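Across the two complexes that follow, subunit A remains constant while its partner is subunit B and subsequently subunit C.
Up next is the complex of A and B:
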């Protein structure tokens, strides 16, 4: 166990010593302040039609456009766009070792193959958690700082307005859940990465799987309903669940459990594949 | 001589009673009596606690601070966002009267030994967004105890106001507003795999069900005629 922890630390150092690791962080650090500044300068068009039926009998006081609302909308990048930063690193973790031939050196050390792959997997999880939470921190922190705070307007069986304090707690939960959902992406890229010595393949392969899965999940054809439960992207919406009232803990638990099954399956396949991998030729 | 004096007295008394009767059913005179007690209010501030219970619209309970200064300066301060009933905050006659409405005396009745007048406030021209308003005036303390608003397009709203006497003024303590709306807010779902970006698009143009809802407003911490500064009304909303 101690060996795995030590190896995981080394893997994290390796991950964070590569420039590609910082592409995601840099993009988030540049893009989010820019978006927040633009919202502050030009405003944020809200779905006024949602409140239309109340418009003649009510007056609206205060503004719904605030940093939390922008942060909430920014969470939509977690569907398709944000996974790119995950696969960029997770797809490289194993493949780069194969490409540089360092497996042989690694495995001369008193550490087993399973421990090696587990530590690499845990390090990938560390990166995934770090970048998702970094996005959450930037999004909410800069949103509050640049655009300002206030109540959060969301859709949930109609209109739901959450107080700022309540919304912040839900954001924390949502980003932790999002990290787990993104871990499914990381695990898939990691699995592809164990099969090859070139990281381009796992990156493109994982992204192709995400896009195709999203298409299959979104198209409303009854025949496709059969395969939906077997697509991990079908459970991606779990990170929006904390913004329901009451929070559907049961639904969240089921979705997280299913994502865990996908993560463990991808890891299991990776482990079996790595244990059988010929590293001598 | 005696006879002519008697006739004159009868005529004067008749005219007086007719005048009195007319003033009792003159809507403008009734509303003037109600307005008269608020004319002495130069400014006020009050904490307003709002509880909303409308289907498909959930909002945390809100406390706002409302500021008013004559003639028509109003400022509502709240953290975040709130919806406020258009006519629910201070139902003085001035709230309902303008050049585009005409008044009509509807009827009078007694309830719990209190006499009430019912006055209708109708828009002169038929404007779809202007409601027909019915005011129930308490003839004992000259307050508007009930307001009914009938909108052609959106439905009806009924406000029941309970008053408290503050420094000689009858001011609202609680207002319970019943909304009977023809169209509810559509039950838009949170973003999910079917509609990753959420939104109202799927409900555009769809007819929604009628809905009833309540808003309860509680008024506390009135400060009347304390000399509110104009700067209060110039502050930016937050």
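Up next is the complex of A and C:
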């Protein structure tokens, strides 16, 4: 166990020594302040669209567009766009070492293959958690700083207004859940990465699976209902659930459990593949 | 006994790459594992380092079953398998630090020490991608000795090196055994490398061990110490040397005297001929192991 912890630390060093790891962080660090600054300068257009239909029934005083509302909208990137940053690293973790031949040197040390793959998987999870939380921190922190705070106004089977304190707690929960959902993406890319010695394949492969699954998940054809439970993207929206009232803990738990099954399945397949992998040629 | 294999065998599909290999390596030896390309040397080393599983047989390190105590025995072994592949985007020090961690941890001082031994101390902070092939090979040896192992396994460590690099690596190997008391298991297809470097050897061909023992004893027993001396009067030279006890055999061919005697007797033999007024124009130590090796391998192929 101690060796796995040590090896995970070393895997994290490897991951964070590569420039590709910082593409996601850099993009988030550049884009989010830019978006927040634009919102502050030019306003939040969606606010007007959203409120126009409610204008007949309600009277709003002041502005509902604040940093938290922008952050809430920004969470939509977690569906399709943000996984690119996950796949970029997770798809490389196993494949790059296969290509460079470093497994041979690594495995002449007193460490087993299962320990190696487990530590790599845990490190991939560490990266996923780090970048999702970074996105959350930047989004909420810079939102509050640049655009300003206030109550969060969301639509959930009607209008739901959350106090800033309540909203922040729900954001924290939402991003932790989002990290787990993104881990399913990472685990899929990790699995593909185990099968090849070139990281391009896993990146394209994982993205293809995500896009195709999304298409299958959103097309409203009753016949497709049969396969939806077997698509991990069907449970992706779990990170929006903390913004419902009351929080549907049961639904969240079930979705997280199903995502966990996907994650463990992908890891299990990866482990079996790696245990049998020829690392000598 | 540092290493013992018992009927160690490996099959790939229908082909036996290694068959019933029985090796024995004692402490302090520089054991040359010699054989032509494709003889089964790398397959054997991969089995010994648990990179692949044997199809049959067993092997022990330090008297312990290596399969059951894999992690424990690997702690006492340093290895370089063919081309050492490091993390190119990391420095030499970082690479060594990470590899050392897996074997129980290593201090910065120790990293500096081993880099000093392989003459890379001044490049400690450089990324490995900026290293030449020879430097990477030396770094490979540095990682092999990093955790002060009892046994160092080196698989073709001079592959792809220039003559200067080859000489440096060979000197380093001898120094590791002589100055640091390490046991070395050196795989090579280069006859003179084994002859110059090793105290003991095993010859493998077509996956089978042909012979093993002390290099000196094997050569002595099989009459392969030969020095060719070109001089003005070979007949008189033979007569002068007839009472030399360390000479096994003397043969004549035109003006060449072929003396079958151990290497260490050579200076005295030459001195004696010169003292007796003979004019020597050349002394050629034959690559005796080559003759021996070819004889064994040809015999093995014939069977």
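FYI, the second predicted complex is superposed on the first by the 268 of 281 C-alpha atoms of A that agree within 3 Å, B and C clash if a C-alpha of one lies under 4 Å from a C-alpha of the other, contacts with A are read in each partner's own complex, and residues count from 1 in each chain.
Methods note: contacts are C-beta pairs under 8 Å (C-beta built on N, C-alpha and C of every residue); 3 or more make two chains touch, one makes a residue touch a chain.
This is a predicted model, so every value here is computed, not measured.
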item	value
Partner chain(s) touched by A:233 [first = subunit B, second = subunit C, both, neither]	first
Contacts of A:156 with subunit B and subunit C, given as first, second, both or neither	first
Subunit B versus subunit C as contact partner of A:13, first or second or both or neither	second
Partner touching more residues of subunit A, whether subunit B or subunit C	B
Contacts of A:76 with subunit B and subunit C, given as first, second, both or neither	first
Which of subunit B and subunit C A:105 touches, first, second, both or neither	second
Shared subunit A surface residues [contacts with subunit B and with subunit C]	none
Of subunit A, residues touching subunit C in the complex	3, 6-7, 10, 13-14, 17-18, 100-102, 104-112, 279-280
Residue ranges of subunit C touching subunit A (in the complex, touch as defined)	42, 46, 49-52, 70-72, 74-75, 77, 79, 81-90, 94, 98-99, 101-104, 140, 143
Residues on subunit B engaged by subunit A in the complex (per definition of touch)	54-60, 64, 76, 78-86, 129, 131, 149, 151, 153-154, 157, 179, 181, 183-194, 196-200, 204, 208, 237-238
Interfacial residue positions of subunit A with respect to subunit B in the complex	47, 49-51, 53-54, 56-64, 66, 76, 79, 148-151, 153-164, 166, 214, 217-218, 220, 233-234, 236-237, 240-241, 243-245
